[in-house]
Amino acid sequence: MLSFENDYSEGAHPQVLKALSDTNLVQQPGYGEDEYCLRAKEKIRECCQCPDADIYFLVGGTQTNAVVIDALLSGTEGVVAAETGHVAVHEAGAIEYTGHKVLTLPERDGKIRAEDLEAFLSSFFADSTCAHMVYPGAVYISHPTEYGSLYSLKELEALKRVCSSFGLPLFLDGARLGYGLASLSADVALMDLCRLCDAFYIGGTKVGALCGEAVVFPHGAPKRFFTHVKQHGALLAKGRLLGVQFDALFTDGLYFQLSRHAIEMAEYMKQGFAKRGFAFFRVSPTNQQFVILENGLLRRLEKRVRFSFWQPYDGERSVVRFATSWATRPEDVDALMALLDGI
Amino acid sequence: MLSFENDYSEGAHPQVLKALSDTNLVQQPGYGEDEYCLRAKEKIRECCQCPDADIYFLVGGTQTNAVVIDALLSGTEGVVAAETGHVAVHEAGAIEYTGHKVLTLPERDGKIRAEDLEAFLSSFFADSTCAHMVYPGAVYISHPTEYGSLYSLKELEALKRVCSSFGLPLFLDGARLGYGLASLSADVALMDLCRLCDAFYIGGTKVGALCGEAVVFPHGAPKRFFTHVKQHGALLAKGRLLGVQFDALFTDGLYFQLSRHAIEMAEYMKQGFAKRGFAFFRVSPTNQQFVILENGLLRRLEKRVRFSFWQPYDGERSVVRFATSWATRPEDVDALMALLDGI
Amino acid sequence: MLSFENDYSEGAHPQVLKALSDTNLVQQPGYGEDEYCLRAKEKIRECCQCPDADIYFLVGGTQTNAVVIDALLSGTEGVVAAETGHVAVHEAGAIEYTGHKVLTLPERDGKIRAEDLEAFLSSFFADSTCAHMVYPGAVYISHPTEYGSLYSLKELEALKRVCSSFGLPLFLDGARLGYGLASLSADVALMDLCRLCDAFYIGGTKVGALCGEAVVFPHGAPKRFFTHVKQHGALLAKGRLLGVQFDALFTDGLYFQLSRHAIEMAEYMKQGFAKRGFAFFRVSPTNQQFVILENGLLRRLEKRVRFSFWQPYDGERSVVRFATSWATRPEDVDALMALLDGI
Amino acid sequence: MLSFENDYSEGAHPQVLKALSDTNLVQQPGYGEDEYCLRAKEKIRECCQCPDADIYFLVGGTQTNAVVIDALLSGTEGVVAAETGHVAVHEAGAIEYTGHKVLTLPERDGKIRAEDLEAFLSSFFADSTCAHMVYPGAVYISHPTEYGSLYSLKELEALKRVCSSFGLPLFLDGARLGYGLASLSADVALMDLCRLCDAFYIGGTKVGALCGEAVVFPHGAPKRFFTHVKQHGALLAKGRLLGVQFDALFTDGLYFQLSRHAIEMAEYMKQGFAKRGFAFFRVSPTNQQFVILENGLLRRLEKRVRFSFWQPYDGERSVVRFATSWATRPEDVDALMALLDGI
């Protein structure tokens, strides 16, 4: 059955698989000390124009969020996030499990606004009872957000200014970063992230890898980050599995090429929906599209194609998500549109 | 450079890689709901002759130990382990990080003895102040152990009897289980583990997979184990990565075939060492061999071949480990012996 | 300086102190096994008409919340609370420190409503992705709330119905319970709490004791609760300190007498404010009164009397809290009113 | 019944109780901001000749150990302790509950030796795999130890040298510090502790207070220690309860006077045992005496006097503990000896 359910329905891009095959029998040290990891880190540093960045490869998004946030915070601190942030909602309490509170701010199109952050922080530190509360210790944002939206460079700079003035590190969840960088409306590049974030990650799982997230610390990693990773059960014996994949993704711009393809497919799909008069729940410039469907149509459609139910819209309509990926073909979008026409 | 450093120096067995390629573009649901996971679980259940077992795929050993032990224990409980157990020493405190103490018993050839366990538990529960201490809540053993040794069926049954009489689950770390099952002196089979353990895992990472451990709960998994996995950051979006690999490993007995090969290579290497008069630190019936080397020889040798330093033996000698794996070739062992002869 | 800052500005009621003196040299076992603890528990059980209740004495409110909630929840669960609940805001993340999320609901006069709770729980369990989220595992309410308000019997019964239908324990923070029971508008008695709650506590610190909270589990305590208490560092060697105090408080109705006195003083103060035309931020039937003051007046007043700043009301006015206690004298209220008249 | 069960069988020294009465109705701010806390801190600083020390009052020993150790350690670190250390054995896993491992060293008369510590630390940091293990992050000792023994000044200085050379803070559990300072064989004074420790506490609960431990950080407290205390549920609303008691204990040398009395009683009791030919399990210079009793005598004796069973000695004898305190009277010791003579 045709699927637009998410951007992790297939395995890896064939060139990633090929790299795994090509390197398979070369003996390498474990735990990320292999030459593929070293090479991939070098390529990422170059691509970011950030020669001093510390880079670590982790396996998945929730794991990366928990390990990085826990390492950034001290014991009395929590992380600030949008109320719709992945860490606040969909990670089974992975952050709280590490002993830290997620301090939520209202979301605006899935994002937090610099003025809301500033108001929260100012009021927190002005409160004479603040020592009885959880100190904000880092700021988490996702880019693209859980609603597919993007921070503009201006928004990001404004957030950074607020973070800096309160001494808080800014951490960007880039589980779908490729799709954010390749978006037609993107004005934020990898170099900007190096300048504006204290930690961010380049998502592999959802952009062509079997698994893997590359965490970049432009100004250096937290102390003993390697041991933090181990302690969280996030260290691979065969670290090469991640190194080889990111090496392939950052060779000849593959990562960006795959991302652009998914965006092209999303735009093509968007046009198809628009042409047919469907309303969008939110305008998304990335690979996730949130469409409002009448419930009867939804029920007929889900027998023919896979997509994600997002939330009720009103008594008669629902918000659903259609996602494209590096693996989506134009004919898949055409097939979806044909289904919509014939249902 | 020739390497006997460990059993995770290469990628995956070619048939595992091939399975990843063959299934690569088939769209599947995420989070382990894919058909490959389902199929692999079915094959493992069959192989264990345990049709009701709950099976979960996790990524690596430390992660599996932490997630399973945390799910088995309640808040006031700790896990009993040998003082040399992996969870007690080499996991950067991953168990303590989940809030639970590791309660250590003396090791005998890397194992814990039923009589020591019984003495400890009897004395604990007889102590009128035991409510001021950490309650033993589960027993952890590794098989093969960190020293390559194996529990006999009789030893395992004795441990189980003690566990049962105190109501404690028995958890077996099988990171290298294949090599234990294929050992020439093995008298414990998968079915025995299903009968005697409450949880155990079939290690993939060190036996032919890129990554992955198959956790088997013969009598059912702890409540909401899926959410535990997610909370620990151990859930893969592309759960298929693990399903496909275990499906391949449990097709036509590949897992057992790879394991036997490593054992054959280890026996061949063992003979080579013995013939040359080297002493063994411990007699290991599995794929890890612990050899005593004079320090001068060690330093000359480590320039030509990779192996693991284990511990000092005395002022002039050291214990080192040579490991074979599914990927070790007879000519590699020959080359090692030639080196020893010529050095 | 005159103080209405809170209800813990003095030491203990003289009869409590006297009981400490009277029993001082009697030798008793430690850790709450003394005869005073036993006797106090018996009196509380009788007062609650709940002969089978398990009772434990802890030292303070935040500690009690953390220990009880942690013991009620399993690993994948969080506690539901009002967004203004003490556990959600003013405990420095003590709940998250135990690894559990606080799941917040909107507050209505400081309370959560049964319909909001039901809607949240229904929608949670109806969500097909709920296994990726924190499971609601217990419900926390405070009575009186952080705004001095009280649940009616009807509201409490409605909450209990919802909790029961979802199998969740209901936990009531009674740090100021005495003032809630003695309120002129109270229709909830101790017996009702035994019927409707799975755990609640009778606050001592704020109602006449030096320290101490009596936790009541009408249907039995969580397994090994004693060890939980110890593990959290909440077990007193001299448990008698708490036993003697609660024994005194529950002798001849002292606890209720002290509570009634504070309420009388609060009502007297309330009349004084109302007569002088001050507006109340919320109508509180208990010992905390929230008054709106013009900021200039606030600044003049705080030089003469201690009270608590609560929150800004608008650009020119603020909400402040005046609290009475068992120790407040009518002449203190008169003095406050005289100050207001003369300022 | 006569009791030598422990040093917390009574309430508080009468002067401590009197101070609570005398100050009872004075209104004070909460959370340790009261004048009694401030005054007590000033007196302790003076007594320690350490004018810059940060001082906090906590409620009990296990709580203090957990809060201080957690604040001293970073995420990847554990605390080094003797295998018999209170934190390693009798605190229900309170340290592990905070996520940190207790790394144990062999005990010598209840103490750790500088050479053992140095050997452990050297070997740890020399181990090329140490990043896979828990880093030692602080050293915990108790003084007197769990066996009543004391560190000599020389031993303490040696430990400090090792700690300093590895950059680890030294933390001394002084739950019974008074009895250590007053011992006839003591050569360590408060000033020495300020010079040699990074944190230590002056136990109140076991030396004349109802509850309370005064934590001294000679070189300053860990960042946001107040919030750490709150987060652990260890902050008293009526912080005055602790301030008043320590103020009394440090007025006119009461703390030292009480301690000396307990030591005199212990020496008197020791002579009584020795005169009657009883053997000591360990020679203790403080208020806990460990005597070897024949099991038949033990059973007869325990019907007439309370003491603590410590551990079996051999098949026919046991080790038991008799403790004196500030409250022990010479006639109590005489009565015990009369019992021994007549039994």
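Labels for the chains are A, B, C and D, by order of writing; each one numbers its residues from 1.
Definition applied: contacts are C-beta pairs under 8 Å (C-beta built on N, C-alpha and C of every residue); 3 or more make two chains touch, one makes a residue touch a chain.
Just so you know, these numbers come straight off a predicted model, no measurement behind them.
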Which is the least count of steps on a path of touching chains running from subunit A to subunit D? 1
Which contact partners do subunit A and subunit B have in common? C, D
Count the C-beta pairs in contact for C-D and for B-D, then report the pair with the higher count. C-D
Roughly how many whole angstrom separate the Cα centroids of subunit B and subunit C? 50
Subunit B and subunit D, separation of their C-alpha mean positions in angstrom: 42
So, in whole Å, the Cα centroid of subunit C is separated from that of subunit D by 33
Residues of subunit C that touch two or more other chains: which are they? 76, 91-93, 97, 99, 131-132, 227, 230-231
Residue set of subunit C touching subunit B in the complex reads 70-71, 74-76, 99, 131-132, 135, 223-224, 226-228, 230-231
What part of subunit D is in contact with subunit B in the complex they form? 76, 78, 89-93, 96-102, 128-129, 131-134, 309
Touching residues (chain side subunit B, partner subunit A) in the complex: 1, 3, 5-6, 8-12, 14, 17, 20-21, 23-30, 59-67, 91-94, 97, 205-206, 210-211, 227, 230-238, 240-241, 244, 306, 327
